[in-house]
Amino acid sequence: MILGLANTWVAIVLMMIGLYIVIAQGNLIKKIIGLTLFQTSVFIFYISMGKVAGGSAPILAQGITEYSNPLPHALILTAIVVGISTTALALSLVVRIKETYGSIEEEEIQAQDES
Amino acid sequence: MINFVLLALLLIVAVGIMRLQDLFAVTMLLSIYGLMSATFFVAMDAVDVAFTEASVGAGISTLLLLVVISFTGRAERKTRHKPYVALFVVTVIGMLLLYGTSDMPYFGSSDAPIHNHVAPRYINDSMREIGVPNIVTSVLASYRAFDTFGEVVVIFTAGIAVLGLLSVSSKALSNSQPLNRPRGLYQQHIVIRIVAKILLPFIFLFALYVQFHGDFGPGGGFQAGVIFAAAFILYAMTFGLDAATAVVKPAVIELIAAVGVLLYGSVGIATLLSGGNFFDYDYLLADPIAGQHLGILLIELGVGLTVTCVMVMICFGFSLRRKAHEQKAVMNISERGPK
Amino acid sequence: MITAATLAIFAAMILALVRAFAGPTLYDRVLAVNMLGTKTVLLIALLGFVMGRPEFLDIAIVYALINFISIIAVLRYSDSNNFKDPDQKSISKEL
Amino acid sequence: MELLISISSGLCLLVGSFICISGAVGVLRFPDFYTRMHAASVTDTAGMVLILVGLMMVSPDLLVLAKLVMILLLGLLIGPTTSHVLAKSAFRNGVKPKLTSNSNDQGGDTSKS
C-alpha cells in the first residue's frame, strides 16, 4: 500500500507551503494567510488520522456498526473557531500597524524603525 | 479515491496562494481552499468539522480579509531579499517531518493507536452514558466540557482584544458629517435587498435548527453561532451598518458575549454545588440522562451566544474602524505626506 | 450514475479553478468562486448519496447560504477605493 | 416503475453533469467577462436543477427529499441573484464587454478604463 501515507504527506507539504509564506514573504496579510494554511494542514492531518476504513460518520444510526474516531473531530471543531478568532486578532494588529506606519510591508516597517 | 482528488486540488490552490501577488486573488483562492478542505472533511466522515469549516473558512474569514484589504490595498510588493534561507529551512523541516511519517500507521487502518484508547469508550458507551446520538457532541459538550470551556474563554478573550485594538469612540463617529459618496449595496442594489429580506428569516431559522438539532445530527453551538453571525453580517452589509447597530447596540452584543461564557461556567458551578465534579451533568437532575441532556443544552446555548456575539463584535469592530477611516481619510493623507 | 455525476462535477471544478487562477479581472475570480461554491453544494449532496448517509444535506444548505453571503461581501468591499484604479496605477508604476 | 424511476433519475444526472461541464468549458474559453458570466450562470442553475431532481428521484425518505427541495429553492433564489449583482457591479466599475474580436484591445481582458 504505497499510498497509505499520502494524506500525511500532503498535510506536511501544505504545512511547509504555509511556513514558507510566513518566512519568505514580507506582506503582513500574506503572512497571516500563510498561518491559516499552516493551521488548515494540521486540521487535515488530524481528521485523516481519525478516519477508519469502511467506517461512517460518528452519528449513531441504525444498521451501522463501524464509526470513525470522534475525538479528532471534537478537537478540530473547536480549533477552527478559535483559529478564526486569533486570525481576527492578528488582522486587527495589522490594521493598527497600517495606521501607525502607513505600510504593511515588513521591510518598509523595519526601515522606518531604524531611521 | 475522492480524498486524493481533493488533496491534489488543495495542493494546487495552496501553490497558487504562494505564487500570486494580488492579495484580492489570494483571498478568493483562500475561500476556495476553505470550500475544498470542507469537502475533504465530508469525505473523511467529519461532518461536524465540515459544517464549521464551511461557515468559517469560506464565509467569515473571507469577509475579515476583505475588510482588512480594503484598508491596506491589494497589491503586495515583491520582496527584495532572495528566499534561499526560507527555502532551506522549509526543505529541512519538511524532510525531517516526512522521515517521521515512516512510523505512522497507514491511513484508515483500524488498529492504529488513536483508535484503541478512549475512542472505543466514546463510540460504544456514549449512548448509555450521555444519551445523545451525535458522538461528537457528547465528546465536545460532556466528556471534554472543561476543554471546550477553555476554548470558549479563548474566543471571548480574542474578541475583547480585537475590541480593545480597534474600538473607536462613538462620539468621533456621530459628530462627523455623513459622507455623501455613492453609498454601498443597500441603496443601489434593490435586488439584493429583496433577496436578503427573503433569505434572512430562513437563515436565522436554520441557525436555530443547527443549534438545537446538534444532539441528533451535525451541528451545535459553534456552527450555529457562526451561521447566526454570518446572517447578522449579511444584514449589516445589505442595509448598512447604522441599521444593524440600531437593531442591536454594540454594548448589548458585548454583554451577551459575556453572558454566554458566564452561562457555560455557571453550569459547571451548578454541578459542583449539587455534589458532582466540575461539568458532571449527572448530578444536575435526578435522572442522569436527563441531567446530561439539560447540561448539554445549556452549554451549547452558552457557546452559541458567545461565538455569535464575538464574531459580530469582531466584524463590527473592523467595519466601524473602516468607517472612521473614511471620514478622516482626507486629513490622514495630508498629515502623513510623502516619506 | 451518481459516480459519473461526481466525476463530472470534479471536472467542472478543475476548469473553474483554472479560471480563478487566470483572472484577469477581479470579477472573473469572483465568478469562479461562485461557480465553485455551487458545484461544491452539488458535490456534497452527491457525496451524501455515494457514502450512503444522505442525512448530511444540512451541510449543503449551509454552503449555499454562506456562498451567497461571501459573494455579497466581495461586492460590498470591492466598491471601496483600495480595490480599484489608484492601486492598479500604483502597481504599474512600480513594475 | 422502479426501473422507470432509476432510468429517469440517471438521465437527469447525466444531462445535468453534461451541462455542468459545458458551462465550465464556457467559463474557461469565452473571450470576456460577460460571456463567461452568461455561460456560468445559465449552466449553473440548469445543471443544479437537473442533478438535484435526479437525486430527489432516488431519495430514500421524505426528510431527504424535503432537504433537497430546500437546496433547490435556495439555489434558484441565490444563483440568478449573484449573477445579476456581479454583472451590475462589474459594469459600474468599468469592465467593458469585448465588442469585436480585434478592434478594441482595451475591453474585456483588462479592467483599466
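Letters are used for the chains, namely A, B, C and D, taken in the order the chains are written, and counting of residues starts over at 1 for each.
We adopt the following convention: contacts are C-beta pairs under 8 Å (C-beta built on N, C-alpha and C of every residue); 3 or more make two chains touch, one makes a residue touch a chain.
Here the structure is a predicted model, which is why all the values come from computation and not from measurement.
Trainee: Based on mean C-alpha positions, I'd like to know which chain lies farthest from chain B.
Mentor: The chain farthest from chain B, judged by C-alpha centres, is D.
Trainee: What chain pair has the highest count of contacting C-beta pairs?
Mentor: Counting C-beta pairs in contact for each chain pair, the top pair is A-B.
Trainee: Any idea how many Å lie between the Cα centroids of chain B and chain D?
Mentor: 29
Trainee: Can you work out the whole-Å distance between the CA centroids of chain A and chain C?
Mentor: 20
Trainee: Take the average of all CA coordinates in chain A, do the same for chain D, and state the distance between these two points in whole angstrom.
Mentor: Chain centres of chain A and chain D, defined by C-alpha means, are spaced 31 Å apart.
Trainee: Where in chain A do residues touch at least two different other chains?
Mentor: Answer for chain A, listing residues that touch two or more other chains: 56-57, 59, 61.
Trainee: Touching at least two other chains at once: which residues of chain B meet that condition?
Mentor: Where chain B meets two or more other chains at a single residue, that happens at 45, 47, 69, 71-72, 77, 185, 192, 199, 217-218.
Trainee: What parts of chain D, by residue number, touch at least two of the other chains?
Mentor: Answer for chain D, listing residues that touch two or more other chains: 74, 78, 81, 85, 89.
Trainee: If two chains touch, include that pair; go through all of them.
Mentor: Touch list across chains, by label: A-B, A-C, B-C, B-D, C-D.
Trainee: Chain D touches which residues of chain B in the complex?
Mentor: It is residues 185, 188-189, 191-192, 195, 198-199, 202 of chain B that touch chain D.
Trainee: Under the stated contact criterion, what part of chain B meets chain A in this complex?
Mentor: So the residues of chain B touching chain A come out as 3-4, 7, 10-11, 14-15, 17-18, 23, 26-27, 30, 33-34, 37, 40-41, 44-49, 52-53, 56-57, 60-61, 64-65, 68-69, 71-72, 76-77, 79-80, 83, 85-87, 89-91, 93-94, 97-98, 101-102, 104, 106-110, 112, 114-115, 118-119, 122-123, 126-127, 133-136, 139-140, 144, 147-148, 151, 154-155, 158-159, 161-162, 165-166, 216-218, 220, 222, 225-226, 307, 310-311, 314, 317-318, 321, 336, 339.
Trainee: Provide the residue numbers of chain C that touch chain D in the complex, in ascending order.
Mentor: Going through chain C, the ones touching chain D are 1-2, 4-5, 7-9, 11-13, 15-16, 18-19, 24-28, 30-32, 34-35, 38-39, 41-42, 45-46, 49, 54-55, 57-58, 60-61, 64-65, 67-68, 71-72, 75, 78-79, 84-85, 88.
Trainee: Under the touch definition given earlier, write down the residues of chain A that touch chain B in their complex.
Mentor: So the residues of chain A in touch with chain B come to 1, 3-10, 12-21, 23-27, 29-30, 33, 36-37, 40, 43-44, 47-61, 66-74, 76-89, 91-96, 98, 102, 104-107, 112.
Trainee: Under the definition above, what is the set of chain C residues touching chain B in their complex?
Mentor: Contacts found on chain C: 6, 10, 13-14, 17, 20-21, 23, 26, 29-30, 32-33, 36-37, 40, 43-44, 47, 50-51, 55-56, 58-59, 61-63, 65-70, 72-80, 82-83, 87, 90-91, 94.
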